[in-house]
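Shared between the two complexes below is chain A, which has chain B as its partner in the first and chain C in the second.
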Partner chain A sequence: MPTARTGPSFLWLLAGGVPVVVVLAVLPPFIGVYQTQQLTYGLAFAIAALGFNLLLGYTGLLSFGHSAYFGAGAYAVAFIIQRLHVHSLELCILGAMLGAMLVSALFGYACVRHTRIFFGILTLALSQVLYSLALKFFWVTGGTDGLRASWNGLTLLGGLIDFKGSGAYRRFVVSYYYYVLGLFVVAVLIMWVIVHSPFGKALQAIRDNETRAGFVGIRVRRYRWIAFIISGLFTGLAGALWVPLNGLTTPEVLYWPFSGEIVFMTVLGGFRTFFGPIIGAVTFNYLKVYAVASSQYWQLVLGTVLVVLVMLLPAGIVGTLGQLANKLRPKQLQQG
Partner chain B sequence: MEILIVQILNSIFQAASLFLLAAGLSLIYGVMRIVNLAHGNFYAFGAYVSAWTVGAAVALAASRGINLGVAGQLVLLPLGALAVAALGAIVEPTLLRPLYRRPEEYILLITFGLLMVLEDVIRLVFGGTPLTAGSIMDAMGSIPIGGLLYPAYNLVVVGVGVVAAIGLWLFVYRTRFGVILRATSQDRRMAAALGLNVGRVYIQAFAIGCFLAGLGGAVVVPAQAAVLGMGVDALVQAFVVIVIGGLGSLEGALVGALIVSAVRTAGVQFFAEIELAVLYLIAVAVLLWRPTGLFGRA
Partner chain C sequence: MAILQTIELKRYFGDTRAVDNVNLSVNEGEFVSLVGPNGAGKTSLINVITAHLKAGSGKILFQGRDITDLSVTERVRLGIARSFQLVNVFDDLSAFDNVALAIFSREGKTAHLSALAHRDHAVIAEADDILSQFGLAAKRDDNARDLSQGERKLLDVALAYALKPKLLFLDEPTSGVSTRNKAAIMDTIASVVRGRGITAVIVEHDMDVVFKYSDRIVVMAQGTVMAQGTPDEIRSNEQVAMALLGTSGPAAFDQHSLPQSGPQKG
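And then the complex of A and B:
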């Protein structure tokens, strides 16, 4: 058994994170509108994967139904914009997170009664309830057409920024990028605090040994439920941020293969690390965009990547880099 | 009254194919503790191979002036199932076996990767247009039920389902290989210690499970076209079946398939909008009430 890693300190996070955020912040003028947009997608997915990994990496529960919370957030935003004619994105996000919280609290209450494969199947079955409802109740959800959520009616920061007049699209892409980046940073900080708090440590104890965690006095089921809700909230936020960018939400984000993609991102980056899901989500987005652009058989490409990844690099990108670093370190010490 | 009979027949027809699919999934889980997410795509692959084979054979025979007849076409149908079994026999030792020592998440993921790969392989090989073996359906005609006409082929599928259920039960509970299968399922290490070649049992079990999935797909194509995405759809239905019946239980797969098909048939008639949602909610209810399903053992 590997010993539990206590993880780097908060100062370390600042030292490593601030330069990355600065680089991300100065990037848009250099990479153009299209790449800025892709990076925004990547950051939104990163929030989803971050939330998902609280369950997989820190609580040891593999959910195959996170499309439900992403979709709940996405549909809530589209619904609020279209039916309630709200323009402030903050209000939309608030509504979306409320929606995602309700759904994840309800689903989570049922799901945390099980672990391992039953947990996976239960989350999948519940997410498909939402999918089939979105598909069939077309007068509410638009059926397979989905709901449109146009960017040009939106205002950011309580009406400070709106998108009217010439060059509006370009302005939207750039300011929306900073908006998502800001929320991403907040999400990372909150998640960092959560996983390093006593609550986060309790989750890891449950992951490593459920029975012992119970004996220590941790209320296993309650803690799992709270973790489930937090996880759903993050994923719901990601769904909410994704909609204005995509301009449209369709039942596909509720369909279970999308849950599989969230799992894919997380494992690609490495689910035993804090930053793995973030790197994985951004990488996955680029991988998918280029696979779709270069071949109509993009699923073949992505599927092969996943198979090779699981066979050869099970620790994911960040996990493998960490292992390499650990291997190099003792050598340097010996030489010195 | 006649409509009721037709609806019951329809639901048993659906149940037959669903049972084959779910029994394969359940068998693989029972013996190897693998939840195979690519199982639905094995089913789709079987459907495509069968439809393509029958279509090509009919066309070839017609160009030579030969009429294949119903029997000739029916014999070709199970080729899809054999192709899927062969595929399974390749996949298990190469992709799955190296992962048995790792946490189960990895197996789930690799089967998800396989699902994506198979989805596109089907498109690459057979193209995007739906394929059917409708010539069988046409050749067999229909039989009258009261004042209604019912396709005779559907009754063949019901027959296949019944034979498969009985055959599978005899195979698992009354043959030597069935004993080996159950022994491996109960205690893999003890079975290996007693001299069984567990590796071979695993290949065989996986191939049989895949064969059943392929057969489930093969029997469907004369009645419904094989389309892209059918595997992904079928998998969730098979999940519902084995959740209701119990993971790893053949009796459960049978009862689950009958329940799911009955609910779907009734759903299409009476509550079309929430038909699928009701199905998933039933699965959720069963999982909460009896986590091991109606026939499952912990």
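And then the complex of A and C:
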């Protein structure tokens, strides 16, 4: 039997992940409603960034149109709640995943025929088609007003949890936090398995050298398409989870600057690492919230952070920490 | 029995006739060398046979089946694999992952999303076995980009070999490798390929290597096959010596090697 390293251990993931999840689980009573809400936003965005990074970090495709799949999920949930009067969030999420899958399958089919800048521009252009449709088809989408998706009519876990009576908002925020945390953990586990599966290895091979990938028998375009759809599904789930928290969805989540924010989150955390996009998304959410609260020139603050990031920490937060850990290791050995 | 046959195969680039009416036949189990001066069309011919380039006209038959219109991956699935003149591996994957990926692909497992690659013990054992056959066991966990030029060349061949091909094309497997390491690399490749009875077509400039390992030598010039035969027949063919070396005589090939098209290190 081979004794050398054959891959990342699942135990290692559990050893690192369980304490983090435990800390996240005990946090709400200590941090209050507002911070719990912010953390929920962060976790939802983390699912989007995780999906986005399957394309960027693992398949080597930079999408500037992921707002489309986030928006598809968000609009699907709002539409199902408002127009179809469905209360079960599980049904809404199912509808949202279906919507995101259809849009990503359709857009992806066209986009994966190209790579590099052509791929980026095509994803951007197609997402803006969806943005225009959201603006123009106001009888379906509510136009610039968007669609409201009120939290107080919702039920979680097939009707087990509803939000009626006094203190309902607080109960919603806390329950919803755990709901999103649960789905976040499931999403992380699924993505971890995908990137460590033979399929995940094939995507990395395509990223490194698509010509050779073809010559080892990998159907490059088909695999890119599947990756695109999975990526869209994760981002669509994030959009679906974001809506009840936000209370409504507007065309802004389909607009290209939001795609830029998803890229920003991923680069901030480090797109060459599995956990980078997660850390990046949570950090970005806080960064934006505090920048907006503290200055009317918040875009300037975010822009400066991005410039500093690209110039000083191109590997992102997690990537840089990993590099630091590698540098420290030999020193410890010398000392020992 | 011929495993590969090309019939009046042509591929032109404008006025340049890279592959011009080539009728080539390769028998099962043969080790064939493709030689010729730079620009003779050797790599172009391999590119057309492996679908890296589209054929202009003519036919390619593999085990009697017309494969002229099949894609790269379809030809790979039928059992045609190749290595590249300029190293073409997955630089950010470890040597192990490079080889394991080829095995996963061969086994049709790359479509598996829900299985962990590093838990597939059969693939791990086979990948480790192939790495040791190619002398790369010590570099197992190093990224391909961190390997030496010679090791990268071997990894390139190992990737193709891991597909368990019926027909293997090796495009200058020792180009860019120091003269000192050439023999070792060719010995490794030849013993692995012959050990499994794989039909191999190799493009090589070093005539010592060509004469030592080939069952048959095919000489190309200006896109056409100008001569073919056993090493002894080619060695004594003055027309070939003249075309390849610009000189002829009884010992012409003993003193000369063809100029390489790839970068060569001392």
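Criterion: the second predicted complex is superposed on the first by the 329 of 336 C-alpha atoms of A that agree within 3 Å, B and C clash if a C-alpha of one lies under 4 Å from a C-alpha of the other, contacts with A are read in each partner's own complex, and residues count from 1 in each chain.
Here, a residue touches a chain if its C-beta (ideal position, glycine included) is under 8 Å from a C-beta of that chain, and two chains touch if they have at least 3 such contacts.
No experiment lies behind these values; they were computed from the predicted model shown.
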| item | value |
| --- | --- |
| Which of chain B and chain C A:R116 touches, first, second, both or neither | first |
| Which superposed partner A:L324 touches (first chain B, second chain C, both, neither) | neither |
| Partner chain in contact with A:L300 - chain B first, chain C second, else both or neither | first |
| Touching partner for A:L84 - first (chain B), second (chain C), both, neither | neither |
| Which superposed partner A:F137 touches (first chain B, second chain C, both, neither) | first |
| Chain B versus chain C as contact partner of A:V310, first or second or both or neither | first |
| Per-residue contact with chain A, leading partner among chain C and chain B | B |
| Footprint overlap on chain A, comparing chain B with chain C | none |
| Chain C-touching residues of chain A, taken from the complex the two chains share | 1-2, 4-8, 10, 193-194, 196-202, 204-205, 207-209, 211-219, 223 |
| Residues on chain C engaged by chain A in the complex (per definition of touch) | 50, 52, 72-73, 76-77, 81-82, 84, 88-93, 96-97, 100-102, 104-106, 109-121, 124-125, 128, 140-141, 159-160, 163 |
| Partner chain A, residues of chain B touching it in the complex | 35, 37, 95, 98-99, 102, 104-106, 108-110, 112-121, 123-124, 232, 236, 239-240, 243, 247, 272-277, 280-281, 283-284, 287-288, 291 |
| Chain A - residues contacting chain B, complex | 56, 62, 64, 110, 113-114, 116-118, 120-122, 124-126, 128-129, 132-133, 135-137, 255-257, 260, 263-264, 267, 296-300, 302-307, 309-311, 314 |
